[in-house]
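Order of writing sets the chain letters: A, B, C and D. Residues in each chain are counted from 1.
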């Protein structure tokens, strides 16, 4: 077979090329030919096809994601915004924090352990690529029905994979979610987030500049992993009946990645790195074209120099390989030796594979012949952009009209007690300890808060106590009822969780999990959710710094619930001031902050007791969220509250239960005037939290709420060995604990 | 002059910086040691920290045990220098035959992370003198290969010679950290050599040295202050 | 009673970090001349009753659906003499 | 080039929870008649040069000191044909 060189391509314009198999559309292929003024070589075709896939080019979502930039609130904290591997925010004292959430949904369904493990690996490399030391991971998960047999296959594998990889890297897992819903049966969502810390001056970007600078590939050898994966994986509906379409499964090597972290940080510390990029989806195609197009010059790469695990790989395959645990650095010539020495110290294979050139072309050679000659911008940034048609689904009105407020409610204390127990023991509200006990939350010795707290919190400075907090949230049921509001509720909840711990929310990352963008209904959900999130961030003053879009999460015609997962990052001046959720002391007074309305659309109660999804989700008032946040932060800073817990799914009763169990104390609750016990306990109105106030602080605290106009209702006291709702029912703490803790182990056995 | 305590970093070690912090919190000087160097930099004691050295790919601790630094550690340990192996470090010590027995996969077959209650069984070691016999402490535990195993004769010998240093405490509910988390024989969490200078344990005392952080307790500090006292008074 | 052994190895094209770690360690331990190491699993099954074709077919099916993850692993079944 | 296989199994007296977990799962999956399962490791070594007695002796030593932990494991070495 003759090598398909650039020269050869020029001479043989008529050659049939497998653009379709590689996932390109006819007009996209034509566009490639137009850009090049000839047909692409096989290697060029490989590059364009992966880089122009949905996964890499965001072709369906791009036009909408722009709002995150356009509507971004002014924020002095923002150091690096959308577009880089991850956003970076200033947290004070010269420290900067980078964080991001990504999806690894399809691979985790095919091979739960490895899919989830490599998901963690990928997001952590994004963090290192910014110049930061990774300090924590989080894992928002959505699984099929808890009692479905396939959930028993997927969930334990996913959890073991996330733990197996993250634990081996020495990254504390400080948060996440686990939600079960039948809509995720064939499309579980495995999102993974990571947080990294650096000094301002250590921020690095993915760009190759300075002619003559060397391009160094380091980390694992390149094998045949996931070849074509990027395009096939993300651009077509996963169809279990056609196993040949399954992407090759990649096996993660966390040990290699740990070495990669340490050697990269050492190279940063010695200021050896001009630009850096991790290798993720689209492997070398992505790294070389992005580095080159973001820099000032061009790049020349000798593909023969790439260390291979499988010597039979073709140049196209090398360019498309998605082998894990690799990075690409741009290094000045006189620093190359030192860079390689550091890699050697850490037993990391490192090879100079090319250099930055004066020109503006990306040129790739194989056996001395040029096989790629492209303008890197056309590969990395000028992919197709779709304005996909979208329309409010015809069924949306019917769904919203099916008001959950009309569902039969419990009559009397006994029935209310039964239903409360049913809700508390449902898999979505039960303790997630079965999962989180498989994750190391202590490593690095800086964990201040971790599961089951509202947010995870990490100390950044041992000297000052400066810390950061992160929480992720997203409720697909709310978003199904109204994607605009649903996205804002996800944002509001994560924001509230961060504030409840005492940290000031600063910035947002997101992972937008949706069905097929080719379905106008789904596209509408996506458009609405993005608009909701962008508008919400504007009001809350928390810019979106980056994120990830995962489309085609559907099985046949059935899409998952629209599931925008939102991560909010916050900062706290002194972690000694953090507020935990535990009711730790008897006699503390319980206050409910915010207003409770009759809001049951999409609620846990409507799902668990009535298997119902309809009506409208709870209303959002972001100004109110902001005020609530300010109160929670002030109360934490000034030591006015001893515990705080946000209210979300399951309503007040779920939050009180968690705080009681965590603290080992019961509580006596009184139903406030004007509310039914049912609404008081189970409504899911947003913008609420409960706090435990020491008696000595009561006046100061209520004065503050009064002065700022935040409704604060005294609803009870921390007391005894049971949870008592006066005049309604009592549940002993032991029984409550049993309900809470045995549900998930019972399901997974 | 305070004591100098070395902390070894193998490829894949995770808790080296935490162990250094614990050493400092206890009031000693922490000296980083590198697996490829035989040179122990004249430290007075050595900590082999936790992690997944070499990925634990063959067996936990199996590859690290052959590193150059271990040649010196083995030699010095035999000569009486205090050595503490935590988790992966404990595994390295058993692989190096400085401590008897071996570690197997947890009976639950998965990683276990929890706040663990321990009973201090022996205070006659360089690393436990600051505790009182029978004292109960609580420190984080996190491992997947933590099931301590040895043959019956070895176990009997350990018991008879008072060389079980820490045991998983019973007497309370699992959620409060009681009970054997991994199927270790005779609830053994940590042991010592006959001379009392080499101690290995699976739980992580270095994660329990500061209020607020981790479990918020400082029960682990005693190991580090114990050795410091011995070194300073020596 | 007879013993049937099922060997499960990662497919050749799949990365084997465990085997690699062993291989890289060997020269340091003074063992040269090993150009590749792959690490897999070995299951020893004690079978009640005769190991006839039907039993072997069942074990093969067990290996395929349960002992091996055929997305990434190959297996082989043999009767131990 | 020749292949040498080293099998490493837990000693019979050592509890093997992995093997047990497999065995317990089998009846649920519809596989009966397996009275015991043990799970161990299999190493496939590609040896440069001839696998003569000297080479085998070296590999046996490698297994004894490194591939197996003889406190808990037994091993066997065989040349693959």
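We take it that contacts are C-beta pairs under 8 Å (C-beta built on N, C-alpha and C of every residue); 3 or more make two chains touch, one makes a residue touch a chain.
Only a predicted model underlies this, so the values are computations on that prediction, with no experimental measurement involved.
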| Any idea whether B-C or A-B has more C-beta pairs in contact? | A-B
| Approximately how many whole Å separate the CA-defined centres of subunit A and subunit D? | 41
| task | Round to the nearest whole Å and give the separation of the Cα centres of subunit A and subunit B. | result | 36
| message | Measuring centre to centre with CA averages, how many angstrom lie between subunit C and subunit D? | response | 9
| Tell me, which residues of subunit B touch at least two other chains? | 54-55, 57-58, 66
| query | What positions in subunit C touch 2 or more of the other chains? | reply | 17, 21-22, 25, 29, 39
| query | In subunit A, what residues contact two or more other chains? | reply | 253, 255-256, 347
| message | Show me, using the given definition of touch, all chain pairs that touch one another. | response | A-B, A-C, B-C, B-D, C-D
| task | Write out the stretch or stretches of subunit C touching subunit D in their complex. | result | 1, 7-9, 19, 22, 25-26, 29, 31, 33-49, 55, 58-59, 62, 65-67
| task | Flag every residue of subunit C that touches subunit A in the complex, lowest number first. | result | 10, 13-17, 20-21, 24, 69, 71-72
| Considering the complex alone, what residue numbers of subunit A touch subunit B? | 160, 163-164, 167-170, 253-256, 258-259, 346-347, 436-448, 459, 462, 575-576, 578, 737, 741
| task | Write out the stretch or stretches of subunit B touching subunit A in their complex. | result | 11-12, 14-15, 17-18, 21-22, 51-52, 54-57, 110-114, 140, 142, 144, 175, 204, 206-207, 209-210, 212-215
| said: With touch defined as at the start, can you tell me which subunit B residues reach subunit C in the complex? | reply: 54-55, 57-58, 63, 66
